[in-house]
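So, here come the structures, one by one.
What follows is chain A paired twice: with chain B in the first complex and chain C in the second.
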Partner chain A sequence: MTRKNLTLLAVAAIAALALLGLALPRWLLFLCTMAASHGIVSVGILLIMRGGLVSFGQGMVFAIGGYAVALSVTHLGISDVVVLMLIGTIAATIAGAAVGPLIARYSGIFFGMLTLALSMVLYGILIKSTAMGGSDGFNIPRGTLLGMRLEGGTGDYILYVLTIVSTGLASLAVAIHTRSARGLVTQAVLGNSLRVEYLGVSVQSVMAMNFTLAAALGGLGGALTVLALGHIEPTFSYWTQSGEFVFVAILAGAQSVVAVFVASLALELVRSFSNLYFPNTWQMALGLFLLAIILFLPAGIGSLWSRRAGGKSPEPKISASEREAAR
Partner chain B sequence: MQLALTILMDGLIYASWLFVVALGLTLIFGVLKILNIAHGSLYAVGAYMAANAVTFFAAWGFGGWYALLAMLLAAAVTALLLGPLLERGLLRLFYGRDEVILLLVTYALFLILEDAVKLIWGVNPYYVTEPYQLFGNVAFESMFYVGYDFALIGLAIVCGLIVWFGLNRTVFGKIVLAVIFNREMSASMGVNVDRVHLAAFTVGVFLAAIGGAFTAPMISVQPGISVSVIIVSFAVIIIGGLGSIEGAAIGAVVVGLARAAAVHLFPEAELFSIYLVMAAVLVFRPEGLFQRAAARKI
Partner chain C sequence: MNTAPTTPVLSARGLAKSFGAVVAAADVTIEVPAGQRLCLIGSNGAGKTTFVNIVTGYLRPDAGAIELDGQSIVGLAPRTIAHRGICRSFQIPQLCIELTALENMLVALAAAGQKLSFWNSAAAGGNEARAHELLQRFGLEAMAYRPVSEMPGGMRKLLDIAMALARKPRLLFLDEPTSGISAEEKFPAMDRVMEAIAGDAATIVFVEHDMDIVRGYADRVIAFYSGRVISDGTPDHVLTDSEVRRYVTGGTA
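== the complex of A and B ==
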């Protein structure tokens, strides 16, 4: 797909979704807002995952984005949602750019565990800091747009549109990036990182770049979530939250950005219905769902409709003999 | 001086049971190449089983020292029930997949076990404090310590030695080491790799369960204990190097001391301190303290 077609498609999809929002009941509208704002974080994980690494600590940038927004409201008195959204994104991008180069040299499980550690460090700091609400977090009032306070059903709808437009455009940027020369190098790193280095490309800088981009998306997600939720708490940075982001990325598979949002919506729906009908076992339902996906749909739900020509499956590169031995 | 001693003792006591749990985690990783997130849940199951077993034993008239036997049996039953069930019934299906996928499989397992534990034992805490008094108190440098804590340190040393001896001085242990070193080659030499996997996983579960069983008298057994345990044992084996027994021991002591120091000096930084140490170790030794850097494949 060319860049032009991609852009047209994305704009059309955003417009369609924005119109669809008018017809949705309020609870489903909120669910979709949450799905999109969480989904964009998982898109970030997908960016990192294309290089063969998985971050189990995206909760960190998610929380940084969220807290940047919430603190800007309470301490700086900023209430414009677009400005707040940008603040959250920029704060997380700065954090990502600072951390990225440090952790880019780790591979495999170590990268995952180190990102997990960083997010848990942040969590540890947040629950102890009484100035930022401690373990309960704090509430923020609804934001404004162009001086108008976003309240009631209209406010919900405007936040939904803001979320759809910003995450949609961010996803478009990601889709264009992954097709660019810089983005394709990541795929080469997955193929063989040593050869990529022999060709004169720094694998570390590619990975640091991906991490920073993912941080920006994570911050955006955190900012949008806080704006819609009106509440922030340290669990944003907790490892189970990060686990959910990875869950969605795996569920979606590496082939399509759209699939991430579908997966994210599926998760939100499963969560809210399980909460309603079997509140004590919804984690179990989630676990079984995840196992079923990994077992029966290893390339994610994206593989159901997107069979890119020549695209390699995200199956790990393991020789047939090793697979045989493992059996 | 007094403070330093307190920190040292608290750190070692914390390190003792942590080492037992982390030993299971590192053994499972070494043999199966799976970083088992559900390990903390197995610890929790062990703790609940022990709480029940001790109560039952006491009700049948086997109080006092029999409680130790009850806890040991609880751990063994947990391992024999869950080990084969999880390895044969679930993990086997995913062998050969990417490490990260396996991590997610155990994450799913963690989610399932968490709710299963709540369904079986409910959400109310269990208290079995009686065995905690078995060893009396020990006076040490004008401080009093509970004898049970020292017994735990002894248990950790015994567990570590048995696993080390089993791996390095027995035929089956050598076979396990061969499988760790090269799964494919071992299989072609006629080693029953499936059996090694099953045995290693079951022993790993037993270690998690025994850690849980013997800490049960010290804590209130309630939902949520698994999460803190898994988070800390991850740090331990990452610091020590994945798959290394010596590493797990050093890692547990380092984490124990770091945590004890934080608790006494900066109480706010309890969890923070553990991960700070882990991050610091990884900066200087990316593969952990006791792990040789792997050659990169071209």
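== the complex of A and C ==
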């Protein structure tokens, strides 16, 4: 798909989802807002996973984005949701740019454990900090847009549209990035990092940049979540939250950015309904759901439509006789 | 054949490298003039690949100096050395097997560019045409859209060399370019490689075990034994050297 077609498709999808929001009940609107704002964090994990690493600590940048928004409201008196969203994204990007080059020196499980450790260090700091609400966190009032306070059903809808537009555009940027020269080199890092170094590219800087981009997405997700929830607490940085982001990325598979949002919405729905009907065993329902996906869609939800797209490839698989002739 | 010695492109002096008690390089001094086709020979473990690994930055020497066009490259990372103009292919092709041959070439060409674009495709800026041209030169055009995992070993070898050529290096190292290729295919394969390389990399250092290939394609031969250079000169001179016959060729020359 060309970049122009991709952009047109993304704009059409964003517009369609924004219109669809008008028909959704408030509880589902909120669920979709949460799914999109959490999903964009998992898109960041996919960006890192394309280079062969997994971050188990995206909760850290999610919390940084969230706390930056909440503190800007309470300490700086900023209430505009667009400005707050940018503040959350920029704060997490700065944190990602500072940490990225250090942790990109590690690979495999060491990278994953280091990200997890950093997120838990932040959790430990937040839980002890009374200035930031300690373990209970704190509430913030609903934000404003162009001076209008976002309250009631209209406020929910505007926040939903803001989330759909910002995460949609961020996803479009990620989709373009994955098709760029840097995106292809990231794939090559996964395939053969030694060769990439010998070709003249620093694998460490590629992965540090991917981590920084993922941090920006994590910060955006944290900011949007806090704006919708009106509450922030240290569990944003807790390992279970980071695990949930990885869970969604695995559920989605590496083929598609759209699949991440589908997976994120599926997670929110399964969690909500199982919480409603089996309040004491909802985690078991979640586990069974993941097992079912692994069994029936081992390459993730995205493989449902990327498999079909693969079938349309103009290049047939090479036959044994062709291979022999080539030899 | 390019025989006229000029200013050395590469100058390695007194290189030493040990792995515990194993001496992989001992006082290795080699100068490679521009335009030369230098062949490194020696039995397994003699120190040929260690020399290549030291010069290309994979290993840091315990002692010694290495200069490329008069500038020291000791201690630099492989990527920095690639930027300076030394590229290499590998004994076992180092490719991204999930990507197609064309995508592998595009990775090499994108890496050879000024900086990696976040926005533009790796195929932009004439890279796609150049990738196809390089694949064509190596006889790989028909395989352009095939994943490397579906390519036969000989073709992977050629793709590995084509990728090393993307930067138009000052000095190109080929580690056993004909290994894994059947005896009757070796000369045609080497002809194709030398023809494809000509123009983009005038100075070549290659590691080889087949003495017929050595005689046919090298201007100069250096024989290694136990981490040391035991003979250096024209193919005729080195391959008839008594020490080389004893330790390297086993009296076959």
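Criterion: the second predicted complex is superposed on the first by the 306 of 327 C-alpha atoms of A that agree within 3 Å, B and C clash if a C-alpha of one lies under 4 Å from a C-alpha of the other, contacts with A are read in each partner's own complex, and residues count from 1 in each chain.
Heads up, the rule we're going with is that contacts are C-beta pairs under 8 Å (C-beta built on N, C-alpha and C of every residue); 3 or more make two chains touch, one makes a residue touch a chain.
All values derive from a computational prediction rather than experimental measurement.
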{"item": "Chain B versus chain C as contact partner of A:194, first or second or both or neither", "value": "both"}
{"item": "Touched partner set for A:202, first chain B, second chain C, both or neither", "value": "second"}
{"item": "First (chain B), second (chain C), both or neither touched by A:182", "value": "second"}
{"item": "More chain A residues in contact - chain B or chain C", "value": "B"}
{"item": "Contacts of A:291 with chain B and chain C, given as first, second, both or neither", "value": "first"}
{"item": "First, second, both or neither for A:26, with chain B first and chain C second", "value": "neither"}
{"item": "First, second, both or neither for A:121, with chain B first and chain C second", "value": "first"}
{"item": "Where chain A meets both chain C and chain B, residue numbers", "value": "192, 194-195, 315, 318, 323, 326-327"}
{"item": "Residues of chain B touching chain A in the complex", "value": "35, 90, 93-101, 103-105, 107-112, 114-116, 118-119, 183-184, 187-188, 193, 227, 231, 234-235, 238, 242, 268-272, 275-276, 278-279, 282-283, 286-287, 296-298"}
{"item": "In the complex with chain C, residue positions of chain A that touch it", "value": "176-177, 179-182, 184-185, 187-188, 190-192, 194-202, 206, 315, 317-318, 323, 326-327"}
{"item": "Residue numbers on chain C that touch chain A, as the complex places them", "value": "56, 77-79, 82-83, 87-88, 90, 94-99, 103-104, 106-108, 110-113, 116-122, 124, 142-143, 145-146, 150-152, 154-155, 163-164, 166-167"}
{"item": "In the complex with chain B, residue positions of chain A that touch it", "value": "54, 56, 102, 105-106, 108-110, 112-114, 116-118, 120-121, 123-125, 128, 192-195, 239-240, 243, 246-247, 250, 280-284, 286-288, 290-291, 294-295, 298, 315-316, 318, 321-327"}
